[in-house]
Amino acid sequence: MSESRPRLIREDGLRVDGRKPEDLRPIRMEVEVLKNANGSALVEYGGTKVIAAVYGPRETPKAVQLPDRAVLRVRYHMAPFSTSEHKSPAPTRREIELSKVIREALEAVVFTDQFPRASIDVFIEVLQADGGTRTAGLTAASLALADAGIPMRDLVAGVAVGKVDGVIVLDINELEDEYGEADMPLGYAAGIGEIVLLQLNGVLTPEEFKKAVELGKRGAERIYAQMKETLHKKYLAVLES
Amino acid sequence: MSITPQREPIMPKLRAENIIKMLKKGERVDNRGLYDYRSISVSIGIIGKAEGSALVKLGGTQVIAGVKAELGSPYEDRPNEGVLQVHAEFVPLASPSFEPGPPNEDAIEVARVIDRSLREPRAIELSKLIVQPGRLAWVIYDDVYVIDHDGNILDAGMIASMIALAVTKLPKLEISGESVKINREVKETPLPLNTLVTTVTMGVLGDILVVDPSLEEESVLDTFISISVDEKGRIVGLQKKGLKSITPKTLDSAVEIALKKGEQVLSFIRKVISSPQEYMKW
Amino acid sequence: MSESRPRLIREDGLRVDGRKPEDLRPIRMEVEVLKNANGSALVEYGGTKVIAAVYGPRETPKAVQLPDRAVLRVRYHMAPFSTSEHKSPAPTRREIELSKVIREALEAVVFTDQFPRASIDVFIEVLQADGGTRTAGLTAASLALADAGIPMRDLVAGVAVGKVDGVIVLDINELEDEYGEADMPLGYAAGIGEIVLLQLNGVLTPEEFKKAVELGKRGAERIYAQMKETLHKKYLAVLES
Amino acid sequence: MSITPQREPIMPKLRAENIIKMLKKGERVDNRGLYDYRSISVSIGIIGKAEGSALVKLGGTQVIAGVKAELGSPYEDRPNEGVLQVHAEFVPLASPSFEPGPPNEDAIEVARVIDRSLREPRAIELSKLIVQPGRLAWVIYDDVYVIDHDGNILDAGMIASMIALAVTKLPKLEISGESVKINREVKETPLPLNTLVTTVTMGVLGDILVVDPSLEEESVLDTFISISVDEKGRIVGLQKKGLKSITPKTLDSAVEIALKKGEQVLSFIRKVISSPQEYMKW
Amino acid sequence: MSESRPRLIREDGLRVDGRKPEDLRPIRMEVEVLKNANGSALVEYGGTKVIAAVYGPRETPKAVQLPDRAVLRVRYHMAPFSTSEHKSPAPTRREIELSKVIREALEAVVFTDQFPRASIDVFIEVLQADGGTRTAGLTAASLALADAGIPMRDLVAGVAVGKVDGVIVLDINELEDEYGEADMPLGYAAGIGEIVLLQLNGVLTPEEFKKAVELGKRGAERIYAQMKETLHKKYLAVLES
Amino acid sequence: MSITPQREPIMPKLRAENIIKMLKKGERVDNRGLYDYRSISVSIGIIGKAEGSALVKLGGTQVIAGVKAELGSPYEDRPNEGVLQVHAEFVPLASPSFEPGPPNEDAIEVARVIDRSLREPRAIELSKLIVQPGRLAWVIYDDVYVIDHDGNILDAGMIASMIALAVTKLPKLEISGESVKINREVKETPLPLNTLVTTVTMGVLGDILVVDPSLEEESVLDTFISISVDEKGRIVGLQKKGLKSITPKTLDSAVEIALKKGEQVLSFIRKVISSPQEYMKW
């Protein structure tokens, strides 16, 4: 944090990658990218590349079944080559926590009560990590669930808001995450206006926090629109074929 | 893989409905107000072998935090800082629903939220814990040990950790040339702290917020939010948990409550650590 | 063992902590210290602090059930802050062996045949280790079983006898354990006069061994009396309330 | 312990019989000839953070190979060589029959066959990857990541690995005195290669050989042989797999086919790595 | 591979241990060497010592049962003292692969369809490793299966062919394996002329490969004959007793 | 967690009752006297690659002890001593009730009792196994490998360990400056021993003691006591095992028997190691 901390907001007020504080990185979305999975999606937020697959509703071992709803089983996992340094394949404490946080975000929107005793399995693989992997992963998971035809109350868009050099900025990249003052991942069901994931890793005043949530919601709404369009295109393509 | 958990313990339906009904009227089964903490009692120094320790009873929940200091390597990307390691163990002694074995996702989450709440506002001044830059540093282990689980482990663990760290005395270092050894007979230097921190955990029932939920309340509430605050009234961490969503409006209220209740808890912690001798009974 | 081995018996014949060879350390016992467990106890032998909890008789997985008796499941575990150096939470070989030895000591007194197919689970947490943790743990476990109302043939008192500077001494502390010539943990059902736990870690002549067993029995009897009193007080308190 | 696996996925009996019947007539359900590979497509450099990477689609099978270079110790008995580590992960995203957890015997076998096929013909000149003899060497990690499993993971993983290694550029080393650091901003030196290598996997049905079996074919064929060949037309590895035997005569045919098909695959790899820019789209 | 690579073919054309290229090492076989196992065998190829035991057909956990055949469960394992350097007991990736390869070799000959839902368990312990442990292990496993009375289409003999200093040689030892150009383990059911195990770890021209397979088959046939004789002797002994 | 085990193997009730009835009359199903060991046979040096090894057959029980010597760090609190590590593996080859996987509590107990029995009387003079004080020491691995389990693994493992250690020759060290290497071609220095040690294991049936119980006897007896003795007639270890208690009176008898039988076993061990060449057949 000390020596070579880079400057994150340039003199012209722009960020290290030339974005304005409220800009998203270029975002790419694609669904049905895998053959075996019931649903799948590839999502890129700038250099962050994530792929998600959904299997289910399917049979699940008795020991984890619930009588009145489906269980969600979610794994957030990083490929060994996704980070600057080679990552060991064993799940880290961070991966275990993020799997839980993403699962809980999805619990809030999936109509699990329609599939008692079944499981809906969501596998998220981070292929390249450049900031915002959990939120890109949540977006990908939501798209993959839609692609699998799992009924949901709403789609969920994920985006990380940060504070860098004192400025509240949208969709932080790895450099901004590492050297910034705060990283606040948000999962937002924009159609119904509900927050399904929220963490704060950093320090914010109450005013900054309010501003960050506001900026995050607006960013998520834009991502949400792109998600809708992506799914719409796919269904059109299906209808037209 | 994170899996939707079984709801534990299973509560009679009538009891559950009653708890909900009361909460909706702003009442709680244990007669607290919605924003009241249960009574907190603290015992300091109960683990003499630890560099610092505290037992916190938050209602029926009992958590011990034990702080140990060892020598180790600094992180490669932090060559001029000591190391903080927070771990939580939910030992099976504490609850019929805890299993022996490595920490599960709940224990890991508790430890990581406490860790971040300490780390982000630099509650501990890690730069003063370096012994030989890039080579040797103090490694501070904060172990959160749950021995009775009656709800809101996070706040109990956070308070116990904060107090245990605040009363920690580092052992003396005996340095001769290259060799550095710990002399645990002499413990003198307090851990350098920049601020006290606490978490305020609330259950969420629609737009109703319930501070410091008990185990019974936890098992009927689906959703929780924990907000970490420091002595400067800043938000230094946040974690939404559970199965349901939260609206932006309720989030605003939660922040407001957390800042207010957090201040009270921090005052309590300050009181304890300023007259530790009064809390040295178990 | 070499260089700085401290003197363990002072010129006046007393031990490092001022005790006579046949003295116990101050012993504290308390039952019903936990809310969730069916039975619990806190036991201190000097600086050694141990807490034990009992859950059961309760349902147990089919795979471990026995048709004609309850299974005992016992875990002896040390808190990471219980020792001079920070202890990793993974169970050591020592903890695995001691869990077995303590389980077998309890098997000898619990009426397991009254609860076929059930399990009785005993969890012992060492909060601070200053010598004699397994025997203090056994005492705590026995109290917690009584507190849980589990029927037993007798209570069991644990105490470690040692040999230090050639002298047979009772209830050794950590220093005496580390630098002494022998450590002999004993579990004794004093009411029925039976040995339920016995190990020897050290070297004794047959005569010394006899003396050590004798001293251990006498010490255990004193601890046993205190256990009875502790339970008695609690039941009185219950009756009076 | 290796245990006879369940056959996955379970295929309708009629479908299975039809596949077999066709194979016996020299035909395949997807209209390929017995010795034809499915179409292969390649995307290079999709993982910018890796020193080299390639996504290979072999029919419906998708495999990513990512190559990372780190500094580490050479093996004690190879003090003058760098280290190659090949691992394969069959992540549960790729197939309903893959489970989370450490690599199972199938993933380990795939990784080890690729490893040996690279190691034995010295495809990578490890002696050029030593930094300080006996003390410091490049450790090359080749991670084979299966993301969609439609049969013949080995060949897809081998081709992806070979291409990823061929396009790998080592980061710059910044050496000052004893200290050696990796500067990943500058990646310049290609990995020194002696030869390209590939595997050719065939299903075995009595004396019929079926090149590049699809998942459906794999599930009706019991036995497989994978033969590794290099650019000099040598056999640089071989692995028989599956539940049945193979006759010496069929083995002879397999070698012949492998040499011929291997040459074709190696030409394809050569083409890709000689104009990598054409394969940089995903 | 560089500095002190020893010469493997002497000037007189013989190998480091004095054998001709087509020579086997002294081979010892013994069956029924264990009391508990249903079948067992001890096999030595020169300095390589392997012991195998078979338990079964026996009941197996539901989760691994197959409805139409027995499952084979095979473990190839090296004793910690079997190698020059002390080996950690945790299974290595090599041991996991070899367990699979040996299991598959046995699948090809065992009449597993006669024992639906059962398991046949084969445990191979390498007591000393001096080259060819997997092939000696396969031979031992095959003998142990016969000793256990498990019906098989044929016995299987294992042998490793190698290339050292450019010469194709039979039954390579550890030195030849370590410094040679190729190691090709072969499992051969000599009675029915089928290959059940084949791997190549090294580089061969197609002509060398052909020669190696030929040499391996001839070697395996000799081992196969000794296996038959070993079993024959045992049954004679049984008949005569 | 230690769990009451299933009783293995299940024995016909009549057989069990008969064994008990006989023991009560002082008789055993295999015609031994109550205090008789089964026949012991020894093969030395069967593992040429080990620094020392012995196969011991105690009746139907077969155990191999293999001793390996490596270089490693001394323990921090024993900077002037070598290191002894005793491990036991109950491999599934040896019994239908043994499972593959890491050592269970029974294997750990056997290893630790052997370890303590060697360590406490300083059977091996560890101070002579230091190479560079505080930095480099011989690490002696004694691996107890059970290959056939017919009861009383501990005594078989202890005897095998003692013999294997007694015949162990350390490899030569080649020291040049800072570098120390093991040359396993030359093995010359015997391990420095101070005394031989053995355990004497007895089954307990009320006040009856049964030396060296067979597997059948083990499965009807609930309780065991193992007493370690050295050549000076001292008690150098003790472990009570099993489900029942033992009276002080029976304990006295057990000590008496152990001293007597231990002396006999130690004589046997002495005989073996004084003419090892006679025991080099397998």
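A few points about this structure:
Every chain is named by a letter (A, B, C, D, E and F) in the order it is written, and numbering of its residues begins at 1.
Criterion: contacts are C-beta pairs under 8 Å (C-beta built on N, C-alpha and C of every residue); 3 or more make two chains touch, one makes a residue touch a chain.
The model shown is predicted, which means the values in this text are computed figures rather than measured ones.
Taking the definition of touch as given, a chain qualifies here only if it contacts chain C and chain D alike; none does.
Listed options E-F, A-D or C-F contain a single repeat of the A-B interface, assigned here to C-F, on the basis that more than half of the contact pairs agree by residue number. The greatest centre-to-centre distance from chain E, using averaged C-alpha positions, is reached by B. A count of contacting C-beta pairs for A-D and for C-F identifies C-F as the more extensively joined pair.
Averaging Cα coordinates per chain places chain B and chain F 48 Å apart.
Rounded to whole angstrom, the centroid-to-centroid distance between chain D and chain E, based on C-alpha atoms, equals 27 Å.
Each chain gets a centre from the mean of its Cα atoms; for chain A and chain F, those two points are 57 Å apart. Mean C-alpha position of chain B lies 31 Å from that of chain C.
Contact with two or more other chains is made by residues 75 of chain E. In chain B, the residues touching two or more other chains are 1, 100. Chain contacts in this assembly form a single closed ring in which each chain touches exactly two others. Listed in ring order from chain A, with chain D immediately after it, the chains are A, D, E, F, C, B. The touching residues of chain A, when paired with chain D in their complex, are 34-37, 40, 47, 49, 51-53, 55, 58, 75, 77, 79-86, 89-90, 121, 123, 125, 127-130.
Looking at the complex, you find that chain F touches chain C at residues 1-4, 6, 78, 80, 105-106, 108-109, 111-112, 116, 120-121, 127, 225, 228, 230, 233-248, 251-252, 255, 259. Those residues of chain C lying in contact with chain F across their complex are 1-2, 64, 66, 69-75, 93-94, 96-97, 99-104, 107-109, 112, 182, 184, 189, 192-206, 209-210, 213, 217. Interface of chain D with chain A (complex): residues 46-50, 53, 60, 62, 64, 66-68, 70, 87, 89, 91-96, 100, 102-103, 141, 143, 145, 147-150, 184.
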